[in-house]
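A, B, C and D label the chains in the order they appear, each numbered from 1.
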Amino acid sequence: MKIIGVIGASSCDEKVYKKALELGKLLAEKGYAVVCGGLGGVMRAVCEGAERAGGITIGILPGKYSSDANPFVKIPVVTAMSHARNAIIVRTADAVVAVGGRYGTLSEIALALAIDKKVISLETSWNIRGVIKAKSPEEAVKIIGK
Amino acid sequence: MKIIGVIGASSCDEKVYKKALELGKLLAEKGYAVVCGGLGGVMRAVCEGAERAGGITIGILPGKYSSDANPFVKIPVVTAMSHARNAIIVRTADAVVAVGGRYGTLSEIALALAIDKKVISLETSWNIRGVIKAKSPEEAVKIIGK
Amino acid sequence: MKIIGVIGASSCDEKVYKKALELGKLLAEKGYAVVCGGLGGVMRAVCEGAERAGGITIGILPGKYSSDANPFVKIPVVTAMSHARNAIIVRTADAVVAVGGRYGTLSEIALALAIDKKVISLETSWNIRGVIKAKSPEEAVKIIGK
Amino acid sequence: MKIIGVIGASSCDEKVYKKALELGKLLAEKGYAVVCGGLGGVMRAVCEGAERAGGITIGILPGKYSSDANPFVKIPVVTAMSHARNAIIVRTADAVVAVGGRYGTLSEIALALAIDKKVISLETSWNIRGVIKAKSPEEAVKIIGK
């Protein structure tokens, strides 16, 4: 089973939420598991989409309790490691999709590139050499499969 | 879904392997997911037992690659953190069962007790205040359910 | 420069505090740096003893802020990793002395033994194969030097 | 004592090495300690500069052995945590200076911004909102002091 990392901010607007929701659905339909940070915003959206499509959702949580996970995380992994857990998300993923996102997301993009993972971005303002831009969740999933 | 941590050495004798195999089977039959260190020995045995009974197996790996996981790990989480990943196993688990084990296992037992998790031991030579000794995998699973 | 790890609980009685204070002083006089968890109790005592004797004190802090360090930590290292920082203390140390201590300390003792570090205990109730018992801070420092 | 993080690649050209060397010297002269990843390239340069000026140099090492540290690291902290140690460098630092650098450095810049640390860049090709560009080591040190 391939595991796809989805990274993005813990709060986001409606438009970004919908894209992440759709992305989660498409990933699950392809048979991919989703790994993310397990919290709200983009992380919640992608888990919601994947879970509704019957997919496996893994949340690598920064805090001390599994109850921090959004309700669509099936496998909560409790690190109690704050941002250092970002490295675990990226290592665990076979490829990474960034959806929107701020500095935390940028740190994960850079880390993923540093260890030679494929990185795809959706609705991201960052313009980083090595990241493949996708115009839609469909395109992102297509790029993963290549 | 409850997640049960199973800890033990990465190599073990036939007798301990069988106990861990049986434990994995019983945990999966109860509907528990299993989290462990994802490598060989006791970790492999418990995953094999759980996987054959249709359970979910999570391996929190110390190295850099998911290919380090034993073949019965369904969800490989790649930490690249060596022994520091022990803290993640213990935090992720609702309760912990130690099977056999040496110093690495003792460190996980102590960590689990330090954060107030229920700890059960099977075939363990350590004699630590606070650990509940079980005589069989069946008894271990019963103690978890209490 | 040799770095000696000192591990023990974040609160302790007067007797244990004095032993840790004396240990810190003797380590600094030998030219050893001290690494510990950087908080109160035994950690504070050993830093106080070492700092007063002109030694270097390194605190590997579990929380997010260097202000968590006791006032005798010269080098606060901020991990935001909770108990996972125990692995860093033990890896950083050339040898480890446990003073008193509860489950957290036991986890560090076991981890240190797992990676083949010399472990010495003072005033410890744990009785773990591989740990060298010292009757006084003086004896602990002598054993380190051997 | 203020601790300044210096981040940059583990190999670099002559020009970048000299800048980092000069930066280390100036930081030490100001009484700042330097924290870095403890390896080669920019990390070695800044430690060499700081150590020659009598400063304290802390290396947060990604591997398992203190012998991985460059010869100018005074305090080697051994994490065995690969890239996850980047979060520790950034948390430990009161402010961060990026010198040159590739993806690993970018991940540290982003992480530092995510937790509201002042970030200054020297000879860096990344163009990230929130980073203060300095034209020389002197200017970088001035910006830290503001």
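Note that in this section contacts are C-beta pairs under 8 Å (C-beta built on N, C-alpha and C of every residue); 3 or more make two chains touch, one makes a residue touch a chain.
The shown structure was predicted, so the numbers you read here are calculated from the model rather than taken from an experiment.
Colleague: Look at both sides of the chain A and chain D contact and report whether the same residue positions are involved, with over half shared, or different ones.
Modeller: same
Colleague: On a CA-centroid basis, which chain has its centre farthest from chain A's?
Modeller: C
Colleague: In angstrom, rounded to a whole number, how far apart do the mean CA points of chain A and chain C lie?
Modeller: 40
Colleague: Can you compute the centre-to-centre distance for chain B and chain C, using the mean CA position of each chain? Integer Å is fine.
Modeller: So the centre of chain B lies 29 Å away from the centre of chain C.
Colleague: Where in chain D do residues touch two or more of the other chains?
Modeller: As it turns out, chain D has residues touching two or more other chains at 64, 79-84, 87-88.
Colleague: With chains as vertices joined when they touch, what's the shape: line, ring, star, complete or other?
Modeller: Graph shape, chains as nodes and touching pairs as edges: complete.
Colleague: Quick check on the complex: what are the chain D residues that touch chain B?
Modeller: 64, 79-84
Colleague: Which stretch or stretches of chain A touch chain B in the complex?
Modeller: For this pair, the touching residues of chain A are 1, 3, 33, 35, 56, 58, 60, 64, 66, 74-81, 87-88, 91-92.
Colleague: Can you check the complex and tell me which residues of chain C touch chain B?
Modeller: Where chain C meets chain B, its residues are 81-84, 86-88, 102-104, 106-111, 113-115, 128, 130.
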